Amino acid sequence: MLVMMKKDATTAQIERVVSRIRDLGYQTHVLPGAVRIAIAVTGNDRAVRVENLESLEGVVEVVSVTKPFKLVGRDFKPENTTIDVRGVTIGGDDLVVMAGPCSVESRDQILEIAERVKQAGAHLLRGGAFKPRSSPYSFQGLKEEGLKYLAQARDRTGLGIVTEVMSTEHVGLVAEYADVLQIGARNMQNFTLLEQVGRMGKPVLLKRGMSATITELLLAAEYVLSEGNYQVILCERGIRTFETALRNTFDVGAIPVLKQLSHLPVVADPSHATGDHTKVAPVARAAIAAGADGLILEVHPRPAEALTDGPQSLNPTEFESLMAQIERVGQAVGRSLHARR
Amino acid sequence: MLVMMKKDATTAQIERVVSRIRDLGYQTHVLPGAVRIAIAVTGNDRAVRVENLESLEGVVEVVSVTKPFKLVGRDFKPENTTIDVRGVTIGGDDLVVMAGPCSVESRDQILEIAERVKQAGAHLLRGGAFKPRSSPYSFQGLKEEGLKYLAQARDRTGLGIVTEVMSTEHVGLVAEYADVLQIGARNMQNFTLLEQVGRMGKPVLLKRGMSATITELLLAAEYVLSEGNYQVILCERGIRTFETALRNTFDVGAIPVLKQLSHLPVVADPSHATGDHTKVAPVARAAIAAGADGLILEVHPRPAEALTDGPQSLNPTEFESLMAQIERVGQAVGRSLHARR
Amino acid sequence: MLVMMKKDATTAQIERVVSRIRDLGYQTHVLPGAVRIAIAVTGNDRAVRVENLESLEGVVEVVSVTKPFKLVGRDFKPENTTIDVRGVTIGGDDLVVMAGPCSVESRDQILEIAERVKQAGAHLLRGGAFKPRSSPYSFQGLKEEGLKYLAQARDRTGLGIVTEVMSTEHVGLVAEYADVLQIGARNMQNFTLLEQVGRMGKPVLLKRGMSATITELLLAAEYVLSEGNYQVILCERGIRTFETALRNTFDVGAIPVLKQLSHLPVVADPSHATGDHTKVAPVARAAIAAGADGLILEVHPRPAEALTDGPQSLNPTEFESLMAQIERVGQAVGRSLHARR
Amino acid sequence: MLVMMKKDATTAQIERVVSRIRDLGYQTHVLPGAVRIAIAVTGNDRAVRVENLESLEGVVEVVSVTKPFKLVGRDFKPENTTIDVRGVTIGGDDLVVMAGPCSVESRDQILEIAERVKQAGAHLLRGGAFKPRSSPYSFQGLKEEGLKYLAQARDRTGLGIVTEVMSTEHVGLVAEYADVLQIGARNMQNFTLLEQVGRMGKPVLLKRGMSATITELLLAAEYVLSEGNYQVILCERGIRTFETALRNTFDVGAIPVLKQLSHLPVVADPSHATGDHTKVAPVARAAIAAGADGLILEVHPRPAEALTDGPQSLNPTEFESLMAQIERVGQAVGRSLHARR
């Protein structure tokens, strides 16, 4: 259950609600928000009797929630959430494409590719400065230097930046440069990181963990929302199964499930899902056909020379072709590519 | 390696090729075919020296094959295979839709739904007379009676019939009625059944096993082709993973992988993949966007009353709506719905 | 629900019970048995009122069953089932070991290995005459010739024979030779085969499918029992997961779960589970420690020369060493190796 | 490849080796160590020519490494690593048992259970003060208060403490209290956390991620070792598969695989693997039979009242019984329970 209170409810009003609920034997979690304050009630196996609550001062309404997640669910907020990133709206009618290299490798590389993806119609620039790698001996990213190059690419192109933050100690640093903070699949249940990112007030792109259920993904998002940050973009990027023909198994069915359960935008990452640039386009088209709000794609000026993820990176020509395909499939499901201003 | 011989090669010519290959220490498998006779060579870890073979009488060409499967692969036959079922071409430029109930439940039910799916544009009628069920206490289908009703529905509507054969002892019976013999997911590695079905000379729809790799699916198809029947339709129907939000995880990435590796048509079964009629349309659209040649869909006149698989069955109105969506997505990827003659 | 009737209940008595249950709106399944006749009642979502049934003539008792499986469950039969194979008791206090090659390759091979495994203490001889192979080009077994060699090995050693039957058309043939009919993992849901095997009156070793749940394994066994054959041995042989370090993931936890849910004996197949002869011993010990009633193991006189499954086959020396280890672990959990008579 | 240098090698000596290797076009990673300094060489697809290196001053030997992991592998260190925790040796001949509640819930609870597990023969006390929870609304642990209670329990009983650290910002705090720092399954690829924990010089218990391959687990351990901390205990705790009868699928085969590939101790966590206290004992016995060096077990004075993980917690009586079983199975595989000093 959620008790929604006015944004300007007084501390005394909140405490009265909280103590009333606790008297009934439940726990409360006061959740700040931009528009309203929510008080999540947990510990109730069955529906709580609510008459006594709606009459309290400051209370706007009481929302019954039947799922383990609350703020991310459609019970709490039926209409779609839209997120604005430098004039680009994610989660609205239009499709949004984030593109760029797996890793920022040099100033020249990121400036070149930023121009190319912009020309081809991309809306945001992706690129990793901090790279989570299975082996300690692999390239770990240019770190702050990479962030600076991303910022320069943004200055040149106007494209907002999506980049990963791997560690609580770098949240502040990454947030200085990034327009969207990405949480990678391996960190989806790094709860401390989720909390800290939740406090930065910047949009978050949350990737589904390799073996995370849809419910776990939504609960991970709940960590961010429960810190008062409602700007979370969910990302399906393939799950780990027995099949090894592609790097992961893209769970296309997760897209309509997430859209049904949650009001948050859902994007797809066909590059990591497939690990094979020749399969990126068909999976990207499938994601849009299934209802995704956008894509995040790896594009590299010369994939064969990429320091990371070359085999799954599109070259600029392949990316241009894919943008045209996305546009056509989008139209077939009633959606246009976002018109950049 | 495959040695391709003229269709009218004599027994003596074949034996000469076989003995020459065996002398080199390899095994041979003589594979009958409608157009040519193929001799598969196995037991060779590396490429076989071929000069000596192409000069033998009756030999058309020698094909090098680097995969465990041979006849189903593009090495053997680069161009797409098309299969004709009562004037409907599967695997060609156009999209084909097979629709109907999970089970044939009564004469009235199948006649009613056959008319409905035909009106909505379906090309073939699906319906189970023999039903594989996890429990021996569940409804096992109407068996031969069901086959007769399917034949009556075909007489009325002109729609060819796709129906499952579960057992070697029923292959002859089912083949008397069916236009396409379906092998279910649980029987994908019932090799004796594959061989027998391979000998019937009728098109086969082969469903991917719940935990079968793509390579295993292609090797299962190879069993059918190696009996001389090249008319196999591959079907992605979802795999078993840890995710339980839907019944299975639809492996949309398998579609472009199969199309790349094999010349056989690939269709998708979003009904079994999702187990939820509200998710059938987005997954169906995704499959087409990813390059599938068609769909097999469960449609029931009154899903709530279905004896089997009601929750995943579309009602006729939902089906009509989906046909329109498929048409639009098909156009976006350059394909039309097959025009029924 | 199960209605248990006397073995000599008359047809009229059975029909009276059946019609009484059907009047209540449920379905009935009359299940023959060696000791009693069971009537399974399905279609009841909640408990059926039973007063009216126990008073009918011929009825012994009415058993409430809360699981989808009935005859295989402990609700139906709380005490362990024991199965006698040529004087060897499976499912009793003592541990039973079945050993032999993956495939019967020649008369000499099977006679040699039969002697060796007997000397080392094995209780039954395993060996495949019909081999299910992913590829149609792989060695498919010696078929009837192999069965004859197995019979000769039995004549020489006195060891009962466990061998696979792959197809309904060979059930009669295999049953002529075998003491235990094995159903392989790929055929676990070949329901027609299960039914036919259920009618042969011979013990059945039923392997868990590669991606079968424990419930599905028990329902597959139910198919055999519902034909009147209560002699089923369940076999855990590893499931398919994302981990590729070994061939399959041995689900050791399935052993206590199966022992809790079912009265049937449970054995383990560490050879197929691991695919690596150096890992067979630790997994075999683990299975016994977890409560398995026995093991089925691949042993080959010269694994490097095996036609199938060489890498996972123990040589006779390794097998002797393992028998000693099994004996010690067995004693630690209160069980001895069966003493051959 | 690894170049092993004397512990007292000078900076100049190290630099000479590094520059020589870089001249050959490879990357170097200087890895501090207690006994020797290792220089890992990466970027070599094939074996590096080594003559020129072994003659350089300060170089002890050059170790060829064929796996992606280096320091954790048996190539680098063939003999078993043993780790001493307050006089308890982990990874040696004897078995070690860590026991205690999932969460520290109160001072009384932890003191009571510490006494009980000690009496029953446990060697170390486990208990969570920081709890990673899927939902932000679940009990998150007593945090520093919990650590203090653990320290009091250690003062009373002499048992060393194993407790989880979830976040880089708490590494220092947790290390003040803990004898063994636990990295949970969800954080197995939180690389920043692994690096920081690697710098604390305290033993680390590293749990396998829910969908981590064995190679990924070893690479995660490599992160800790590459910071100079060689005291890592690997922990198999079940993987996520399609089977839902138990909470996870305990991968018993991983134990001999890990012991073969790595010199590090391997323990098992049957409590999280099964999620069911009635299945903990069989899986614990299986782990020991398969070669595990010890166990980590959840024991609660009154499981029904536990705030977390009650269903999988043993009560003290069950734990005593299990200790006796472990002792017997241990003896069967040639190992004794560690004798507490």
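Miscellaneous remarks
Letters A, B, C and D mark the chains in the order given here, with residues in each chain numbered from 1 onward.
Please note the rule applied: a contact is a pair of C-beta atoms (placed from the backbone, for glycine too) under 8 Å apart; a residue touches a chain by one contact, two chains touch by 3 or more.
Predicted, not measured: the structure shown is a model, and the values here were computed from it.
The chain pair B-D and the chain pair A-D differ in C-beta contact count, and the higher one is A-D. Of all chains, the one whose Cα centroid sits at the greatest distance from that of subunit C is A. Note on chain placement: the centre of subunit A and the centre of subunit D lie 32 Å apart, centres being C-alpha means.
Averaged C-alpha coordinates give centres for subunit B and subunit D that are 49 Å from one another. Subunit A and subunit B have Cα centroids separated by 38 Å. Of all residues in subunit A, those touching 2 or more other chains are 211, 240-242, 244, listed in ascending order.
Listed in rising order, the residues of subunit A touching subunit B in the complex are 211, 213-215, 239, 241-246, 249-257, 260, 273-274, 278-279, 282-283, 285-291, 325, 328-329, 331-333. Subunit C makes touch with subunit A in their complex at residues 211, 240-242, 244. Residues of subunit D touching subunit A in their complex: 27, 29, 40, 42, 68-70, 132-138, 166-169, 186-187, 189-193, 195, 209-211, 215-216, 219-220, 222-223, 226, 240.
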